[in-house]
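Structure first, commentary second.
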Amino acid sequence: MPLSPEQEAEIAAQRSESHQTLRATAPGMEQHLYTAHPVLDHGFVRVIDYMGDDSAITQAARVSYGRGTKSVSNDEGLIRYLMRHWHSTPFEMCEIKLHVKLPVFVARQWIRHRTANVNEYSARYSILDREFYIPAPDSLAAQSTTNNQGRGDVLEGAEAQRVLDILRDDSMRAYDHYEEMISQDGQQGLARELARMNLPANIYTQWYWKVDLHNLLHFLRLRADAHAQYEIRVYAEAIAKLVADWVPATYKAFEDYRMGGATLSATGLECIRRMLKGETVTQENSGMSKGEWREFEGLLG
Amino acid sequence: MPLSPEQEAEIAAQRSESHQTLRATAPGMEQHLYTAHPVLDHGFVRVIDYMGDDSAITQAARVSYGRGTKSVSNDEGLIRYLMRHWHSTPFEMCEIKLHVKLPVFVARQWIRHRTANVNEYSARYSILDREFYIPAPDSLAAQSTTNNQGRGDVLEGAEAQRVLDILRDDSMRAYDHYEEMISQDGQQGLARELARMNLPANIYTQWYWKVDLHNLLHFLRLRADAHAQYEIRVYAEAIAKLVADWVPATYKAFEDYRMGGATLSATGLECIRRMLKGETVTQENSGMSKGEWREFEGLLG
Amino acid sequence: MPLSPEQEAEIAAQRSESHQTLRATAPGMEQHLYTAHPVLDHGFVRVIDYMGDDSAITQAARVSYGRGTKSVSNDEGLIRYLMRHWHSTPFEMCEIKLHVKLPVFVARQWIRHRTANVNEYSARYSILDREFYIPAPDSLAAQSTTNNQGRGDVLEGAEAQRVLDILRDDSMRAYDHYEEMISQDGQQGLARELARMNLPANIYTQWYWKVDLHNLLHFLRLRADAHAQYEIRVYAEAIAKLVADWVPATYKAFEDYRMGGATLSATGLECIRRMLKGETVTQENSGMSKGEWREFEGLLG
Amino acid sequence: MPLSPEQEAEIAAQRSESHQTLRATAPGMEQHLYTAHPVLDHGFVRVIDYMGDDSAITQAARVSYGRGTKSVSNDEGLIRYLMRHWHSTPFEMCEIKLHVKLPVFVARQWIRHRTANVNEYSARYSILDREFYIPAPDSLAAQSTTNNQGRGDVLEGAEAQRVLDILRDDSMRAYDHYEEMISQDGQQGLARELARMNLPANIYTQWYWKVDLHNLLHFLRLRADAHAQYEIRVYAEAIAKLVADWVPATYKAFEDYRMGGATLSATGLECIRRMLKGETVTQENSGMSKGEWREFEGLLG
């Protein structure tokens, strides 16, 4: 169960109090406020606060471009224009604050996105809970045989069972020892800041994470991508759904220009021009390496 | 008059629409929303949006420090503790978005605070208005004779008048020429992005500026300080008043620990210890340079 | 003349002193060190210092990807791989420090790139020089009739002459008045921090600008682009030449994947797939707006 | 042994090649280049590259403050002035790149300093080594009884032994299981990106970390402080020694104004003024809480 009874009570209390505000309000986001959306076996994502909506983006753009934006007939068109031409500052005018519970090895990837504000639960001050990520059987993938950072087939039979047993047993033993070391029952008790070093990377941590919409979309582009590790991708996908309800016009433009789009090199563009003229272009005469050509062919379907 | 009729109408419309929200709401800030607070002769500051309140700061701190924060009895005490020990991340959990109209030479100082989001009115796209900052007579200060970056006495009589005449005349002439160059009446008309180069640094620009509370307090510490240039200080002071209404406990701690506080060197601390033991400490035996000693004496009143 | 005699002497002195170092050294960059490359009528770019070379990028990548990078046969191939897949952190391992002299209106665009370190000449402390940017006749462009932020034809005849006269006269008068106001000859003398407000945006300022290679390439992509304002583009082009000598493999990959490349939307990719199958795709059946289709056609030549 | 034979060979090769350069060179730093300074049981810090020296700081400051800096007689005086008045941008003009090997729980604290560039060894791509931090007996501290985040006395006797046994056994078992899970000997082999989740936080990782001097000093102030966790403090102390050799004047000023200095609140300053007038100030009449007063008394010795 991802939330403690205290947290459930806190959520219920927060959801029951409604305020009057003059601020821009996004109805699609209000419905999600405080609700924990489950991710993985013990994790969640919940929206604590947000600032702005689709109109806040165009309002800021109209400050920048003044009368220049009058020619774009409506907000959706302007948002598409901004996204297409990489005008990122108007998207920075929206902000979101999330409470996330996630395994430590996912947190370590996540934190590399530097342009965000973070308050993480401190294992120097406090005692971590006995909660570990154990992959579901269909997420238990073998190392890819072609890609150093990828996954191959799902493990099967006895091997899958051995892995699950190891992960479960080692987690429980590590936590038992953690408790044993910090215990002050008949002994001094090891400092928390030291004892935590015995805990494996599948233990759950939690944090408040606050980020502007531009940087959030950058995060989603990298982490909701098929090449991202599954365990962070499911968080990105959960957040993407929230964003789609929060700023629907922006999210639609993001899907078209970023998630579904692709960057072509000068060489790749030239190949397309030649192909459209009827020329037969092969890897050999493309100017691309084999790896590049494979990716290029993938794009053209 | 700082606001155009269109802007006045927009503000009135925004202020008339109230929404229900589940988000944290700061009553002290709601009253300021959209209202333009005048600064200098044509400038203003107005709050477009905000995220969080004093409780949002302690809520985030309690995620970080878990049970460790239970010992601090209340929110105000915890906020003072966080401020005293430079725990900045909980203050980053609040955010504010301002619409500011300001002279270009002030904007150039302001923008050096990099950790913020900005959408500035673009003079490439659009035509600037004929609005220039002309100092009030009591802000017309002479160069300090002791400090390269400071101001001395107020200019008087004929000299003051000459300066005001120059500033007014040059501003008006520059704007007349700006309009003349971009005019497409009987001529091609110079590109806006070029014509703007004729405009002096006292012309007004405007922007949306969004920043988290931690970085805003850092801005206020530097810019509401007595050593800051008067023309940016009045903006900082106007914003400080808004912050005092938004997050009163935080603002009070900020006044005590930052605005009214001071940093002492190891040498300075040692001098105080000696003085408290009854020793007579002078610049000569203090280990400080003359400049440092003067500042040190200033602190001790 | 862009450099004062003192600056010329300083450069000569710096260039005459060679040191032994164990650090990575880029021969292509050593030849540029301290030399001022002229830009516009009084501006320049000169390299003060640099850190790293092409090998420093792959060295950092090999720390990250360990044995995973062994499969890429050489540095150039690895650099292309990193650029193609937007692995930006290895490029952040190189750094450059430039001394730039540039008009204030160019500086105002430039400073919006926040991830850099800047020390600008302070007109609060010091007195600015009498140096203004006056466009060469062939840069004196009319406002575009189709694009709010663009330039059209070059101004001709009497109109061009009027514009040049205005820019020259207003610059000189503004500077005369600046000197007159700060003069302490028979009067108190206005504070420098106030007097500077009378100076137009074509006056030159100067700064030290330090940035990592990843952020520099991002700057070049936006500012060496055909849509950037000419007056900042010439600075970007001057810097691009330095980068080509500093990190040749990286620069070549940058030209292919960024400067010469393009981002296609999901809609655009689908159109290409349909065209390659022999279908006739028009704006009407493309799913794109007219503006988007025009840009798309431009890409396909 | 902190370095592999391959790394030792690489260092030897790098140290044997000296280049001519026109760049600013810091003799005190050249001697450290590439040398691994051991930290903890398997960790190290080594300098890969650096940019600038003490003179580079004053050179940048003189660009900013122009003639205003002439009055300060020498570089050391100017550096002290800059540090005292929190003029941080000149210190940003120096940069350092380190290769650091460190336990994961230390890396997690370290990475919270966001204004830096990082390339970390990737356990998605590559296989981690069997190296774990096991505290030396005199670092095996009990939880503080007065401070949630602090350490108390050193553990003794049987308790200390139990803790060491747990840490060693669990580390070895976790690594055995890691190897067993990724093995492709007679089985598919779990993906590396999954297997790593079984490894505890005392395993070593490594990264390249590049940071400017201003942000590095901020890191040192927080992490070389007595309140920092011992395991990160020893890294900060090792780096501090390098900085002292690299930019000696800056480091001296940093020791006086930051490491040895202190920030006093308005309330604290007022208390000192009263004490210097001969008044007896106690916690009760100080306006401070008990915690604050205790810290205040600590400062005054």
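Should a chain be cited, it is by its letter among A, B, C and D, assigned in written order, with residues numbered from 1 in that chain.
The rule is short, and it goes like this: a contact is a pair of C-beta atoms (placed from the backbone, for glycine too) under 8 Å apart; a residue touches a chain by one contact, two chains touch by 3 or more.
Keep in mind it's a predicted model, so treat the numbers as computed, not measured.
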{"item": "Partner chains that subunit B and subunit D have in common", "value": "A, C"}
{"item": "Whole-Å separation of chain centres (CA-atom averages), subunit A against subunit D", "value": "29"}
{"item": "Centroid distance [mean C-alpha coordinates] between subunit B and subunit A, Å", "value": "34"}
{"item": "Whole-Å gap separating subunit A and subunit C, where each centre is the average of the chain's CA atoms", "value": "33"}
{"item": "Residues of subunit D engaged with two or more neighbouring chains", "value": "65, 67-68, 118, 122, 125-126, 148-149"}
{"item": "Contact graph of the chains (line, ring, star, complete, other)", "value": "complete"}
{"item": "Interfacial residue positions of subunit D with respect to subunit C in the complex", "value": "14-15, 17-25, 30, 33-34, 48-52, 56, 60-61, 63-68, 89-90, 92-93, 95, 97, 99, 117-122, 125-127, 206-208, 210, 212"}
{"item": "Of subunit D, residues touching subunit A in the complex", "value": "103-105, 108, 111-112, 114-115, 118, 122, 124-126, 133, 135, 140-144, 148-153, 155-156, 159, 162-163, 166-167, 170, 173-174, 177, 180-182, 184, 187-194, 196-202, 229"}
{"item": "Residues on subunit A engaged by subunit C in the complex (per definition of touch)", "value": "65, 67-68, 71, 77, 80-81, 84, 86, 148-149, 222, 255-257, 259-269, 272-273, 275-276, 289, 291-292, 295, 299-301"}
